[in-house]
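To keep things simple, chains are lettered A, B, C, D, E and F as they appear, and every chain counts its residues starting from 1.
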């Protein structure tokens, strides 16, 4: 199962991703999910980013809206535009969920 | 500082109560805060209820709305009505916050 | 042609409209034929996982206190129209609940369908099998 | 008579209206005189604590992307009308941020007031001292 | 007897925070207190005329009208928050004033207790 | 080219989830895809006539009208969710249909991809 998952919160929503088995998983940080890639808390980046075999994306508009620079976000995460998201949804994944 | 604090969420909102110093603190579980007093997770009641020198209340309407029985909630918590809340707000505490 | 859609409810009831909308959208599949060609159909499956299983507690008195339909009643309505409903066993157990605490039938309103308490693996299988997946 | 009101902003910006409404309500204190007797006044104090300090990041480009006023701009507007703004030092540090990352002045729009980064103890003192406390 | 000012920006449907605000107001009025209820953000939905009562949705119009008739209950909605949502003056229920946010602050000035109820 | 069905029940203001839905629709239409956008719950606010554009609030009317004019974008709002909030038929923006929830399910039937965007 190829899933692209939008994570729009910082403090919750991610736990479900620990349980679903996928053959291909993309996590897109949008909205306040952006804080996962923008800040470190107590010196540690978000543990979510340690998840293996996941492609991480973050929406450029939402990165900049929150005061972060594209070049400043965690290196494991690819900045994407709304246009990129459309291609990911149609071409790279089969099911789309919003957390 | 005498504070009565309404906690309306289950998964967040409570952390701030660890930081504020009060001379008298009441925590009222309302809305989905009710799950703190209605369910135990992995066999453990909500750690929030271990907080010392706090008066705990839970709104009867919200207990029953969620399928719990008044007599079934954690014994450290006093079931209260909307009328009781009015008296608590005016007579027992000075400042009122919603978390 | 048949298309399967899973409505996966992971949210607590009552402090958002979320879980209720999950069920009402699933139930709407019963009248979708007017929009579809002859022979086409949608098969909805409702799954409760995580905190979402707390939607399934018995004796919710939302009507008494807030004059609103409870999630319990919505689940019964779903069973009445023969929706397949699965509730995650591990999550039920995590909250210290048993089958007796959970709405699994609606015989009193004439429903034949039973909600099944199943391991997460079964729900994983459903998520893989359906055409579209929607989280609430 | 003077009444002090603290507007304590503890919520993240942007996925609710919460933090923005905290600031706009505080700023509204500037025009409250029309409703009050001569000599009466409200003194608002704005405090950012917890996740709320992330409202204070510089260079928020909400206008560019969503055509909405950023929280940064709202904070500057608050300073322009001489509101007292405190930002919790421990929370800034917890997020690995420094004074340079945070909006503390609005000189470019002519504000004299400066937002102060202060220990939580100072904010505790303000919460004790005010007549009313409001959390956003 | 005292005065309680409640502010809320919870939406009408879904969070039950609006239901809480109305039921708390009712309990306070029944005990002889005064209540001011201030609606901003999504809470302005409560002031919209023409809401229909369904069993899936919260509906408070009759309660609010009853409270207003006591003379000890004032309800006001934020003008700008309403306009942004397309609720114009002539679309506001009759017992509800439309004001700017400073109305709420003035209400806090004379209140014995203030409760700002957060969003959904 | 494919068809994307987006459902949302996020409110117009505050969560930016509605902004996301509209901007994603726009990007998909610009790439030649078809998009159906379904509004239920608080998302019905988007369909309300007479919204004013302020800089503090999201405003999408012009974008939606533009998308509709391509002939590849359909937008519909839940009739019951709207009525409960006091939004009647004659108060709905002209490019937006009013339907029951089965419209959305039918849209899912013919969609290549479906995204249900949760509440605020």
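Keep in mind that, in the parts below, a residue touches a chain if its C-beta (ideal position, glycine included) is under 8 Å from a C-beta of that chain, and two chains touch if they have at least 3 such contacts.
Note that this is a predicted model, so its numbers are computed, not measured.
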*Both-way neighbours, i.e. chains that touch subunit E and touch subunit D*: B, F
_Type of subunit E:subunit F copy interface by residue overlap (half), same or different_ = same
*Identify the chain pair with more contacting C-beta pairs: B-E or C-E.*
B-E
*Tell me, please, which chain's centre (mean of its C-alpha atoms) is farthest from the centre of subunit A?*
E
*By how many degrees does subunit A turn when fitted onto subunit B using C-alpha atoms, rounded in steps of 5?*
180
*If you average the Cα atoms per chain, which one ends up farthest from subunit D?*
C
*Distance from the CA centroid of subunit A to that of subunit C, rounded to the nearest Å?*
28
*What whole-Å value do you get for the distance between subunit D and subunit F if each is reduced to the mean of its CA atoms?*
34
*subunit C-subunit F separation of Cα centroids, rounded to whole Å*: 25
*If you look at subunit A, which of its residues touch at least two other chains?*
8, 11, 31, 61-62, 65, 96-99
*For subunit C, what residues touch not just one other chain but two or more?*
14-18, 24, 66, 132-135
*Among the residues of subunit F, which ones contact at least 2 other chains?*
13-17, 41-42, 56-57, 59, 114, 116, 118-120
*Between the chains shown, work out who touches whom and classify the graph as line, ring, star, complete or other.*
other
*Which chain pairs touch, all of them*: A-B, A-C, A-D, A-F, B-C, B-D, B-E, C-E, C-F, D-E, D-F, E-F
_Applying the document's contact rule, which stretches of subunit A touch subunit B when the two form their complex?_
11-12
_So in the complex, the part of subunit E that touches subunit B is made up of which residues?_
2, 4, 15-17, 20, 23-24, 26-28, 30-31, 33, 112-118
*Across the complex, what residues on subunit E touch subunit D?*
7, 9, 40-42, 100-106, 108-109, 111, 114, 116, 118-120
*Residues of subunit B that touch subunit D when the two form their complex*: 1, 3, 15-16, 19-21, 95-99
*In the complex, go through subunit C and note every residue touching subunit F.*
3, 5, 11, 16-18, 21, 24-25, 27-32, 34-36, 40, 42, 44, 132-136
